[in-house]
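We call the chains A, B, C, D, E and F, going by the order they appear; numbering starts again at 1 in every chain.
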Amino acid sequence: MLYVTKKIKFSAAHRLFNPTFTDARNEEIFDKCNNIMGHGHNYTLEVTVAGIPDPSTGYVIDLKKLKQILQNEIYEHVDHKHLNYDVPFLKGIIPSAENITVTFWNILSEKISPGKLYRIRLFESDSSWVEYYGDPIDIPIYELK
Amino acid sequence: MLYVTKKIKFSAAHRLFNPTFTDARNEEIFDKCNNIMGHGHNYTLEVTVAGIPDPSTGYVIDLKKLKQILQNEIYEHVDHKHLNYDVPFLKGIIPSAENITVTFWNILSEKISPGKLYRIRLFESDSSWVEYYGDPIDIPIYELK
Amino acid sequence: MLYVTKKIKFSAAHRLFNPTFTDARNEEIFDKCNNIMGHGHNYTLEVTVAGIPDPSTGYVIDLKKLKQILQNEIYEHVDHKHLNYDVPFLKGIIPSAENITVTFWNILSEKISPGKLYRIRLFESDSSWVEYYGDPIDIPIYELK
Amino acid sequence: MLYVTKKIKFSAAHRLFNPTFTDARNEEIFDKCNNIMGHGHNYTLEVTVAGIPDPSTGYVIDLKKLKQILQNEIYEHVDHKHLNYDVPFLKGIIPSAENITVTFWNILSEKISPGKLYRIRLFESDSSWVEYYGDPIDIPIYELK
Amino acid sequence: MLYVTKKIKFSAAHRLFNPTFTDARNEEIFDKCNNIMGHGHNYTLEVTVAGIPDPSTGYVIDLKKLKQILQNEIYEHVDHKHLNYDVPFLKGIIPSAENITVTFWNILSEKISPGKLYRIRLFESDSSWVEYYGDPIDIPIYELK
Amino acid sequence: MLYVTKKIKFSAAHRLFNPTFTDARNEEIFDKCNNIMGHGHNYTLEVTVAGIPDPSTGYVIDLKKLKQILQNEIYEHVDHKHLNYDVPFLKGIIPSAENITVTFWNILSEKISPGKLYRIRLFESDSSWVEYYGDPIDIPIYELK
């Protein structure tokens, strides 16, 4: 196997809180990330596809095609958005980098071909990031009041 | 003269709109940056101080001191905040990178010593940024409805 | 004045040689950069515009507009091209970073508004780059044999 | 096991096309990468060696030695070259990042010691790269017309 | 499993030598790294924790907590220090990036929870680094004369 | 005028102290930077030369030549050294980034041609740096006890 990666960036706002927690507990747990009006990041998303290069092209997957998938399935929905309010597929999900990453995996794993989605890395900043290889993880969906 | 720079980062949400514009005009002018719930960035702030090194220390200004000033005067007020709602000194200001930069200048120019504030650079992303050397610029303050 | 910058990247091949030099002199002067079939770079282009922010928008120039100008006037003509052969506006020009930068200035200075083109930086790599502020420089155009 | 990595950079031109395809098909498949005269990149190569640190030196492999191997075996052959024409070990190989990476592996795996070649990463740009761990992959060699 | 990473930086001096070697052998093996008075680096440390996100927070581990652990257990002991002389837990250890990494693992693996320490990366520069996943490795401790 | 820049890196140790200060005052002023055994950095040095491109080459100065000058005049003397003890031209100078930069200027300004040394930037880390354009500054030389 060989692994090819495409990186894109998007800018979004989010707020971390659990609607079943009291305000005090949200404040205690999420601290600055719980700021009511939200805060934001320039996110960096790296999507890695595993496969064997097609002998007639030398490509595992055409990275222009992979970029287009990322554009259509992710970027168009999250760039310059508030992740808590504006993104249908994140509705009710606590938008931690972990949960966003798992959600992106669930969307992308069926859309990518040729090759097979192997890894997603999501950077919230250049000093904090998440890596995920698709082990099944349940993300709870909370009802927003 | 010699120029020393300290760089800090902060994460914040903002929304670009002019409260005297119609929604349609805000949409037309600010496009994705006008998203109602806001979006966000990891901002990078570079603050440059001009001066002559003190012969007994070799410092124009102790960068630990400069960092503390940036921490107290800027970072504590804007990190993990929504720039339109949470920051008193930005109240009513359209939070474009340009306007934020001029506002930061006005705050910092009186606080920095020894040396003299020479330049502020504010990066909204690694492909978009603003540079300012303190030429007087009036930033209008809009009444928020 | 306040300065706003947009950065774009493009990938291109080039070969450095002077058609009036002997092969030996081209080899001596341009060394590895004289490789007959060319070599290539991921170029980074930073274009800076000077102006006063429009009070009603907070923008010196809308960076989406500036990006579009760079896309149309530069990127479309040079990305994934051989700078010696494929780019009409570089025909006969020795494509050193210096000469490319001056040529880009001549193209962009008339296209950018509002604001005024202030500086172009062109990176051939992350350790070699050129900065230019528009002082008139004549770039000779050589006849290609 | 412990993994040590050395990173080097090189600049090269390449053109993606399959000599058994029609011009139209090459254009369709490889798009901008099929530009006849080629285009180019600043490539970044990361080579990772696995091993146990020698108790008397604390080194898995002396990174100065690893750098010298990369210099001799790779850099001298590809830097400031056109990968389709100037590099004997790439002759007839479609120089996709995938195929270059596998070819580099085949060269380096026998040259590196102490330790064992574990991973090669090749970046064509900071948003596109390939990772390879040595699973056997056949790269077709095409006859160039 | 899902993997979260926190990155911190520190600046330190070190000298590579084996006290059981002759000066000539130290010079031969460690070359420039054997400079008697030491040299230094801005080290970058990336610490990765594996786990399942807590359904009520979306966190594998609160990265603010992980940062605090790195601050207390590592940064406070090594930043602006000479690694050969000033750091009790490195006393007598040849401070190669490999040995430092294994030593950091031994300190951190018991301190991190929730989640489990999965990987440490230590960069001595942006072109040289070490990756470690905790396979048991014995690091000899030399008596310093 | 047009400005070309070459960037190099070096790794060195240093300690900040003034031999005419008491230990307590050195501790108070230089804090962590006063650590007796020193600490270290990966320094980045950017050297900018101003000139007009030679019409027959397109070069202000051949960057390979500029790199060689930086290699010979700076890198060979400071890389993997302790700046307080190992570098003749820094003897007795408090090795703050400011003082190192002025010292480098004095060395390089006479060695660079064609073109004229225009600016030196010295980064002690990616968040702290100095810029200098050659205004005469006297750096005191202290007698080391």
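The rule is short, and it goes like this: a residue touches a chain if its C-beta (ideal position, glycine included) is under 8 Å from a C-beta of that chain, and two chains touch if they have at least 3 such contacts.
This one's a predicted model, so the numbers in the text were calculated from it and none came from an experiment.
Interface note: subunit E and subunit F, two copies of one sequence, contact each other through mostly matching residue numbers (shared numbers exceed half of all numbers used). Subunit A and subunit D have Cα centroids lying 30 Å from one another. Chain centres here are Cα averages; for subunit A and subunit F they lie 43 Å apart.
Annotation for subunit D: residues touching 2 or more other chains are 126.
Contact annotation for chain pairs lists A-B, A-D, A-E, B-C, B-F, C-D, C-F, D-E, E-F, with touch applied as defined.
Across the interface of their complex, subunit B is touched by residues 16, 18, 20-21, 29-31, 93-99, 101-102, 126-133, 135, 137-140 of subunit F.
Per the touch definition, subunit A reaches subunit B in the complex via residues 9, 11-14, 32-33, 35, 37-42, 79-82, 84-86, 125-126. The residues of subunit A lying in touch with subunit D in their complex are 1-8, 48, 52-53, 55-60, 62-64.
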